[in-house]
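Common to both upcoming complexes is chain A, partnered first by chain B, then by chain C.
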Partner chain A sequence: MLLIHVKRSPVRWIFPVALAFNLAMLFFRNRYWIGVWPETSAAAQMPAYLTSGLAAAAAAWSVGAPHRHGTVEQKLPLAVPRWRREVPPVATVLLYFVLISLIVQAIAFGLTLRTNPPGIELWPGYVVMGLTVICLAVAFGHVVGKALSGRFAAAVAGLAWFIVSMYLGSQWDFGVVSGPVYNELDTLTVMVRLLGAVALISLAVALPNFLARERAAVSRRTERRWLRPAVVVTVAAVVLCAVTAVLGSPVKGREKPAEVLCVGVRLKVCMWPEHQKYQSAVEDIVQRAERLPAVFVLPGRFDEYGVSYQMRVVDGVIDLTDRSGLPPYFYIPDGSTWALSGTVATEIMKVSLRYCAKAPFSKGEQVDLRANETEAWLEAFLAGGGRPDYHTNRSGEAAAAARRGEERANHGSEAEQFAWAGERVTEYNAASCL
Partner chain B sequence: MGVALTGALCAVLPFVGSIMFSVPAAGDSGVASVPGWRIIAAGATFGPVLFCHSPFGEMESATGRNWRRVQLGVLALNATACSLLFFLTSLMVFGGPMALLVLRGIIGWMGTALLAARLLGWRAAWVGPLALLPIMIFWGTEGPQQYAWWEFTARPIDDPAAWVTAAGLLALGAGAHLVDRWRWRAAVTFLRRRTIRLSRRPPSAP
Partner chain C sequence: MLTITNLHQGYGRNTVIEGLNLTMGRGLHALLGPNGAGKSTFLRTLATILPPRLGQIQLDGIELHRNSLEQIRRRIGYLPQQFGFDPAMTVSEFTCYAAWARGVPRPVRGAAVEEALDKVGLCDRRDEKMRKLSGGMVRRAGIAWAIVGNPSLILLDEPTVGLDPMQRINFRSIISQQRDAVIVLSTHLTDDVDAMADHVVVLDEGGVRFQGTPPELAEQADASSPGNTPLERGYTTLLADSQER
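Moving on, here comes the complex of A and B:
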């Protein structure tokens, strides 16, 4: 029966389109996820989250098939229980959309497997997360399809699920936009959520028809036969939803790693071992920093966020743990090494420049602007030249100074740049505070 | 029925319209912040277009000019009423400039729904807006408050390209319904005769 539905379901026309759409979302966003396990599965989970609206609409559409074909009356006296008639179409929609998600995950998995970095244990959580969203969408669509069963069912289910899923994603972490290495998914929570979603599909199937036309035609005996399983499924779904709510978000900050990946001698930069693909880029930045003239003081050590410090949220309040004694931290957001060079540049400037200790904390507008220009040069120099891969809200003279600094890093020999930068630092330190 | 569905969406608008949702996007930051009204506006077009569905669709497609005229008239009336209802609700909830953005969105979505209705049938008209919505959010967002030129739901109100895109979609959707099989056949026959006549024209004297 299921095979007949799989072969005949209109979802088979949606399947190639939705698969192409999912793959396009995976590859035409960014590629930094290739080579980092949690980022890989999070990136492959994301299309499922965005296209789950189609799954909800398809579920609503398929449950309304008897109404579309005008066979409601013919199906009512059938000896086969209603739930057995409803399971194949809902299972078909589920199968097609789960298949899409698994294909996308398999392709992403294959690309990261080529380098096989550490951290493969972080991969399955996001896969389960994506499947949970699909199950929830199908359950939602099935209920809406049963409630409306008219021409508006699929449209309402798709649009409403789009809003509901975005709310669940934003507020309850049912979907994530990325999988940074300093986070992990709690296995128990994601599995309970998946079970809860499957239970909700069962509940959606077990629910009696809301439409008066069908309800009136069903005998009391048939309804009573449904009472016990319906109650069991309802209780199971309610319990699982309650447990899900108690467990909270599955996204948790990881414990400090036992082993870290460190590069450099005078300037030591330590990061998560899962980020080994950035090792050579970070080594380049460290080597450039170690070549800087003596006026630039190197802070000693930098840690990637989470390696030695991670912000904790306790009962909805950020736990501002004392960070004294810990090295400064940096991120590699979206695979950007500019974030590291920016952090290193800021920290080097902090220890190299003698800032004013008293208000107004300024040595004059022009002197401060020249310091900004030097910092922008340092950031661009450490990054290896080019233009920053991020946008800032700087404007006016501050933006112009930063632009001049970046341009200087792209012109002239290294010796000339060092001479210019050394002069700038000396000049700033010699200037007096206002 | 169509107006009732739009009325239900209008009732939801004050509660969901201002909520900002974080959604994955292809832009620099990888995330788009999408207000609820941009999503609900896509649904405002469902009512009037889906209302045109009829179980007698196949028989109706064989009817003459008068029936089609009535059907398109009802669609135009319904669409205008629903758009006006949604626009006025937005005007009350968000104010003038935002309501105009909503109106531009409805114009574009209406065209998309009409196009999908022409290609897939009235009943599947929702496929157009529901398929375009994730594309608009995902690829239309280029950065914080920066959108692709064709993103007709979020670009500034004075952006001509966004208005042209929305109007173009509406024209495309409405135009698709003017091309019925008889008109198409007439056009093909006309072009074929013209081509034959041109090919038979004797060569001009040197």
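Moving on, here comes the complex of A and C:
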């Protein structure tokens, strides 16, 4: 029976559109995820979250089919109970959208598998997270479709799910926009959530029809037939939802890695082994830093966030416990190595420039601006030139100074740049605090 | 054998059927009666959609509303006056769905579908989409829906409404072949009764006004009663008598 529904379901017409939309979500948002397992996993999960509204709409449309086709009356005295007759259509919707998600997952998986980086064990949690959202959307759409049999049910379900999913995503982490390397998903929590979502689908199927027209035609005795399964799935769904609430967010900080990936000698930069994709870019930054004139003091070591301390999430806030004596840390957010060059530049400036220790922490506006310009140059130089791939809230003269620094990194020979920068550092250190 | 004893049925405070007693054997039983006589309510009660307020209904000795509905409903085929279909399904899939939903076991389901399609003459159309069928063929597919799995009670609510004369003749010929079950066919048309029915039951004001064969109903005719055929005159005579009472 499932095969008949799969062959004849109207969802088959939106399948290619939904698949194309999912693939567009995967590839057109960004592509930095390729080659890094946690980011790949999160990126492959995200389309399911963003397009789950379609699944909700399809489920609502599907459950309303007997009303659209005028088969309500003739199905009332059928031997197979109503809830069992609802299983093939709801399973069909689920099958199509799970298939879409799995195709997207498989493509993303294949792209990252080519470079075979470490961290593949982080993958399954995100797959389960994506499937959970689809299940929840189908359960939601099914209930809406039962409550509103009209043609608007699908639109209402899709739009309402969009709002519900935004809440679930932001407040309960039912979807994540990215998978930072220092995070992982708790297996127990995601599995409980998936089971809870499946229980909610079962509950949606077991629920009696809300529509007066249909309910009036169904005897109380007929209703009693689905009472037992409805009670069972209700209890299961309530228990699993309660456990889900107790378990909280599945996103948790990872234990620091047993082995880290380090590059450089005078300046050592250590990162998560999962970030081997960035090794050559980081090496380039380190080599540029090591070529800097002697006036620039190198801090010695930088660690990627989470590598050298135990990171914990307390009440949703990242708690960096006991960082005393540990090297400064950096991120590679969204695949940006500019964040590393910025962090390295700031730390080099901290140890190379004699900043003012007392308020107002200034050596005069023009001197400070020139220091800003130098730091911007250093950041751009370490990054290998170009413009930063992020936006800042600098404005006015500070922004102009930063812009000048970046421009300088893109023009002139390295020797000329070093000479200019060396003079700037010497000049700053010679100036007196206000 | 369908045995109905002291059946009472209604909606809210309205009583539609009151103290109805009836016995129906295998063969086609036409259910005649004016609008509001309770024909559809009676069929829906037999179909187990509505539980009786009072009374008993037994099919082959098994009480309809006191046993496992799933078991009972496997033995009932029901085609309402307004029936629908998924236009994307083929004739075969439509019938297969009915077989599945009636609880026909998977190993024999295919054969049951073939048998039903064969009986209604749609074997050569089995792969055609329901939306492409003519009105008459849709009605035949509807009969296949009702008879697949060989139920022992087949309930047809005004199945010839909307059919052209040729389609109605075809329909009668198909129904006339189904003699292994108790078939209860509700209709307004006495020529359907004349052409198909083994027995006639006339319902009026919630009770049985007549039960017998079509010739016996024709014998009720009063020469002054309106109607084009003896059966029609018998029917109108019966209703006129009822109204006078």
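Basically, the second predicted complex is superposed on the first by the 423 of 434 C-alpha atoms of A that agree within 3 Å, B and C clash if a C-alpha of one lies under 4 Å from a C-alpha of the other, contacts with A are read in each partner's own complex, and residues count from 1 in each chain.
Operating definition for what follows: contacts are C-beta pairs under 8 Å (C-beta built on N, C-alpha and C of every residue); 3 or more make two chains touch, one makes a residue touch a chain.
What you are looking at is a predicted structure, and each value in this text was computed from that prediction instead of being measured.
Superposition of the two structures on chain A leaves chain B and chain C fitting side by side, clash-free.
Contacts of A:Met46 after superposition on the shared chain: chain B is touched, whereas chain C is not. In the overlay built on the shared chain, the residue A:Phe162 is in contact with chain B alone; chain C does not reach it. Judged by the touch definition given at the top, the superposed model places A:Val80 against chain C, while chain B stays out of reach. Using the contact criterion defined above for the overlaid structures, shared-chain residue A:Arg8 touches chain C, although it does not reach chain B. By the touch criterion defined above, A:Ala137 lies against neither chain B nor chain C after alignment on the C-alpha atoms of chain A. When the two structures are aligned on the shared chain, A:Met349 is found in touch with neither chain B nor chain C. Looking at the shared chain after the overlay, A:Gly70 reaches both chain B and chain C.
Here the smallest spacing between CA atoms of chain B and those of chain C, following superposition, is 13 Å.
Overlap of the chain B and chain C interfaces on chain A: residues 70. Note for the complex: chain A touches chain C at residues 1, 4, 7-8, 10, 65-66, 69-81, 85, 217-222, 225. Those residues of chain C that touch chain A in the complex are listed here as 44, 47-51, 65, 69-71, 73-74, 76, 78-80, 82-89, 93, 96-98, 100-103, 145. Chain A contributes residues 17, 21, 25, 28-30, 46, 49-51, 53-54, 57, 68, 70, 151-152, 154-156, 158-159, 162-163, 166-167, 169-170, 177-178, 334, 389-391 to its touches with chain B in the complex. Interface of chain B with chain A (complex): residues 1, 5, 16, 19, 21-26, 28-31, 34, 36, 39-40, 42-43, 46-47, 50-51, 53, 55, 122-127, 130-131, 133-134, 137-139, 143-144.
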